[in-house]
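Multiple structures are listed underneath, in structure tokens.
Presented sequentially are two complexes of subunit A, the first with subunit B as partner and the second with subunit C.
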Partner chain A sequence: MTGAGWRLSAAEVKEWMEWLLAGGRRVVAPAGDGGLVLFRQVSSAGEVRLEGSAHARWSPKEFLFPRTETLMSYTFDDSNSIRLAPPRPAEMEQVLFGVQPCDAAGLMRLDDVFLGDGDGDQLYADRRRRTAVVSLACAVARPECFCTAVGGAPDGTDGSDAQLLPAPDGYLLRALTPKGRELLGGLDSGWQVTTDKDWAQARAQAERVATEIGRSPLPGDLPGRLIGAFGLPIWSTLAERCLGCGICAYVCPSCSCFDITDQANAYCGTRCRSWDTCTLAGFTRHASGHNPRPDQPSRFRQRVLHKFAYFPLESEGRLMCVGCGRCVALCPVGMDIRSAVDNTATEVST
Partner chain B sequence: MSATAGARTVPETHCADSEWRPKIVALVCNWCTYTGADMAGTARRTYAPYVRVVRLLCSGRIDPLLILQAFEQGADAVLVSGCHPGDCHYVQGNLYARRRLTVFESLLDFVGLDQRRLHYAWVSASEAVKWSHLVDEVTAKVREAGPLGKWARPAMEAWQPPFELPEPGPEPRPKPGDAESAAITGHLRELAATLLDSEQVKLVIGHTPGSLPGQMVPAFVRSGQETGVLAWNDRCAGNLAVYLPEMVKQAGGRVAVVVKSCDARAVAGLLRENQVRPEDAVLLGVECAGIWHEDRLAARCHSCAEAVSPLADWTLTASGAVEGSVPPQTERATGPDPRSAQLAVLEARPAAERWEFWQREFDRCIRCYACRAVCPLCYCQTCIAEKHSPQWISTAIEGPGNLAWNVTRAMHLAGRCIDCDECARACPADIRLDLLNRAVAGEIADRFGYQTGSDPGLPAPLTTFHPDDPDGFQ
Partner chain C sequence: MSASGYLPQLMRISSQRDETSDVRTLRLEQLRPAPLIWRAGQFGLFSVFGLGESAFTIANPPTRGDHIECTFREVGKVTTGLRRLSVGQVIGFRGPYGNSFPVEDWRGKDLIFVGGGMGMAALHAPLRYVLDNRNEYSEVVILNGARGVADLVYTEEMVEWASIRGVKVVRTVDPGGETPGWDGEVGLIPQVFEKLGPQPDDRVVIVCGPPVMLHFMLQSLDRLGFHPEQIVTTLENRMKCGLGHCGRCNVGPFYVCRDGPVITVAELQLLPPEV
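Coming up: the complex of A and B.
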């Protein structure tokens, strides 16, 4: 489909969003929330912040993999037998709108984990089937960005059903999948068709942003080499200042670990799946009290190697990192996964 | 985010009709109120039948989490009652309880809990009449307030606060110049090298430039040759005291740490609570003109008059490093604390609006526990959030658990928070944890005349009591 598309003014994009909303879909987009921009369900196009390049504080992964969701609920009835109830049926169709290309690619990593090759996770699969993604190509590079190092691009299309690209007087739009095409709902007949020149300009812009990011792709043999770094002493230096919170994992578009707990009282309860992360000390603590990852260096090593070695070695080389850089930007003590990978790679080859 | 919505309703099996009957959980002391309530029964006194009594050994044993749990499990109101001051079976348990519960009540009031739902009283073993009247009074108040509904429901998307928190006023002093920072950096490197080379310390914890523009991150320096990485400027926001207890253990000797006056108060807290021994820490006190985020002075720095901590073992200024704490000759300019004006606005709003405001703040919480990780005074080996039997704080990342976590964190730091605002800086969701902490600190200052300062000898206010403490109990 590349090459074919439409030119939309900002007003036409708004109209399109209003049309999506009117069609009964849940529209999730970057919007102001208490002074910061977050992905949330919007009720009008006016709430959506696409100006410049949408940059939400964290990725929209929670709309596919919620912070907390019910797996089942149960009640004890009068005869003290247990009644089970399945989780709520999947919500309505949803559109994730204005998603950065790296975040869209992150959703594909979630697919790898929750769908796998087979049926995968039913709750996730239901939600995924009803989700369409409209990404927004990046017009600026942030200091923490590194998508170009991990197989992405400022106008990357992985995980997008349609994509908006900032243009001098509005946006270019391309439909990338049949689902994306459906989202246009015939409105495209009223939109101006793009020219080759438009796309050349958009491409040039993406190249400029990529140059600004200034990171070349990590070598293909990196995962295999990093495995050798497991026993190196470098981890204690790399993770020395890590305080062991969960910011990096929770703002990450691809981190997908969870914990399952019962929230219950004497009468009823729910079994919940909630976000969890390998950087917290309790993540691997056994009932006996033994913890196979006893210190922060071993936890940080898990985070780095899972993303850049274990996962890619099991998944045809796909890295478990999409280079959004949020973990770099939001870490209160400035941990930088980019330099951790670089330093480890250097260390292992010497 | 309401994935578990509706799961916590306790079936009302005793009600034949659908009329609402308040559920009141009474947390009472075994030695007085429980016996008093018993006496009310044996004396056949008639009073409102909506109280579920939970007997505890002492009001001093009543953890605020029990109150939160009661609300979470569906109570419309909670009544706490113990022995009159002076009558405690364990001599002073109720006097500790009085301080703790009073502060907790004001914290819940600040986050907007309807005050008709939380009641404290002293009822002795002989006061059956008082107990029955008390229950009637509480019942009347709860009826007036109505059913609690869902505790800590997710915030409504559409709700916008009908008020604005005022922006910070103008900075009371200008941003320090680069030359000044560079001079301090030079002296710091020199001093660190001397301390390390002469083996007076095993390790120096300081700041160094990070990988993002302008970013400063913690650095750990172990030899005199490495001190070139150390730097000081107005962006050194991090409170390095957080590393001190662990690093003293690891280094197996004295550790020097670069401190602003706020950071040094954290060290005072660690000394006070026996987490660090005085002989293990060397405080390198920099003359700090305030921390700047881009072009704004950090809120806490507006009113800070302490350029150098009184606890400093060394004072680092642009003109050199001298032993001891040497404050500058000239008093520095301060201005009103911007957070005070914001607190005043919040406190003036009706409770229902404050509740909505804080629900919205807590709704953004993703439970990354960064607030805990960066806090020098949050040093528990096993945090209450990780105690799973029973599960005191729900790990589900939504309303009830988020409220319980944020309120409990603030409560556990009551009278211990040293006002470095690291929690608020670290929070990826920009939750106004600084305001929560300030509200509690203000309450403690008002009631007990205590400010968490630099004196390690002064006990934390909730670990002590005074027989004449203010008493709002019925």
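Coming up: the complex of A and C.
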């Protein structure tokens, strides 16, 4: 079935989205007016922005791993009694539609973290089971893009159940998993079947975009080299500008660290988890005041090493970075994780 | 992990003991009795509802398993809230998490437990496990120190332990921390340890305490010829989830909550210095 698929006009893609919406699913897609495109739940296909690879400002991570979610709630019955209630499990089927290939790959990194051991995280697992991903191959490269350096491609299929690829006069569509096939709902009988030439064109387009990105894969010995650079002074130089604002983690499709906090009054409360990041000073600070990572260079180093050295070492070489470049584009002081990795690796090899 | 992975079980404070002016030991009993199995050295996340969770070692050994104990110092938000609770009130517990002390591998060996300040709490479970299985182990030395006499924990138990055959208890306070009538040593733990001059042969040293104490203890152990493989400690990095997911206790490729907290110094030396 590899290579086989369908050719859809933009109108047919809209019809397909309407069909998905009519089926009672939550459809999450890039949408927005003007310059700011974000993933959000849409109620009609007309809201969706697929043209020209939207490059949404944030990844759709929050639809599997919300910024804040309740782990449990509790009620104080009287001074000596407490009733606990688990969170409500996810019930709705959802489709993440028009996801960039890098973001789809990012969801697989979340899977590594939350589903990698034993039964995994039940809240995440429930949501993940009910989620299907339709990615949209990239027809343009942005200056910050570097998926090709970290194992991805403009038409990469990691984490996708089905994929749309921009084509002259519309899109090509391929189903990649049984879940993706189910999403077609039989509509494919009315769609035009693709030819080898269609796929050759799509491949050529992806290669053109990859050339535009212009970054070759990071070397396989990178983890060892970066770990070798742990004690070098370069981290101070690299992190000199870092404000410790955490935006890089906030917009990152693979960052998955979180905090757990309670909010309560005299009668009831909730325990929540919310996104957190190793670049914030309080992340590792003990109650005593002792902080194993006492300064910004040591915190930035943790960010780089976790993504490009520690995580790959226990995940068969997969990097905890999918090259979306949002951290590069949105850093208020222009820090660039690509050059941080390159410069540090070079430091060790010379 | 089940659907209720973050749901604690409810525990009632059945008794409490003040170790020092800011350190307290709680004895906790399950509201709904259910099997609770752990190994010496594992930890739990203890909740004060409305304030949050803190990670403490389970201070009693599984050989005394009809309840759990924890010893904590009042220092942050949760521990201050915990200290305000009284006997009969309810807290949450989830766990056990993490690895444990290799007490089976220590059989037949001489053991030295070295605890500085609150570090003694981490030694409480393995030490009592060993004493509860006294015949399986050889000579046991307990070296316990604190800044001052008033900061020493488990003082009543120390007297009891000292009376057990083959168990030697040495207590010390930092210079200036002694009181009139103090009959223990005066000096920093590493110095007192070196004065004891233990031979490394067939011995295991279990050492827990503040980072600065650990630093100098490791130097002393090295001088006395101990190998990093025969020195065991615990890591105390900040934790939230206890499940290896939240990322907070990550040090190199090691997650303290999942791969620790018990670690040999040989393993510790392979990690980046972020503990």
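The working rule: the second predicted complex is superposed on the first by the 342 of 350 C-alpha atoms of A that agree within 3 Å, B and C clash if a C-alpha of one lies under 4 Å from a C-alpha of the other, contacts with A are read in each partner's own complex, and residues count from 1 in each chain.
Just so we're on the same page, contacts are C-beta pairs under 8 Å (C-beta built on N, C-alpha and C of every residue); 3 or more make two chains touch, one makes a residue touch a chain.
The model shown is predicted, which means the values in this text are computed figures rather than measured ones.
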| item | value |
| --- | --- |
| Touching partner for A:Asp121 - first (subunit B), second (subunit C), both, neither | second |
| Touched partner set for A:His306, first subunit B, second subunit C, both or neither | second |
| Partner chain(s) touched by A:Asp336 [first = subunit B, second = subunit C, both, neither] | first |
| Touched partner set for A:His290, first subunit B, second subunit C, both or neither | second |
| Which of subunit B and subunit C A:Gly269 touches, first, second, both or neither | both |
| Partner chain in contact with A:Asp259 - subunit B first, subunit C second, else both or neither | both |
| Shared subunit A surface residues [contacts with subunit B and with subunit C] | 259, 261, 265, 269 |
| Residues of subunit A touching subunit C in the complex | 71-72, 74, 76, 79-82, 84, 86, 89, 113-114, 117-122, 227, 230, 256-262, 264-265, 269, 271, 273, 276, 278, 283-288, 290, 292-293, 298, 302, 305-306, 310, 313-314 |
| Parts of subunit C lying in touch with subunit A, wherever the complex brings them together | 1-8, 10, 12, 47, 49-54, 75-76, 79, 88-90, 92, 211, 236-238, 240-241, 243-248, 250-253, 258, 272, 274-275 |
| Residues of subunit A touching subunit B in the complex | 33-36, 38, 40-41, 43, 57-58, 66-70, 73, 75, 78, 87-88, 143-144, 240-241, 243-247, 249-251, 259, 261, 263, 265-270, 272, 274-275, 277, 280, 282, 328-330, 332-334, 336, 338-339 |
| Of all residues in subunit B, those that touch subunit A in their complex | 1, 3-4, 7-11, 13, 73, 157-158, 210-213, 215-220, 238, 242-243, 360-361, 364, 366-370, 372-374, 386, 388, 391, 394-398, 422, 425-426, 428-430 |
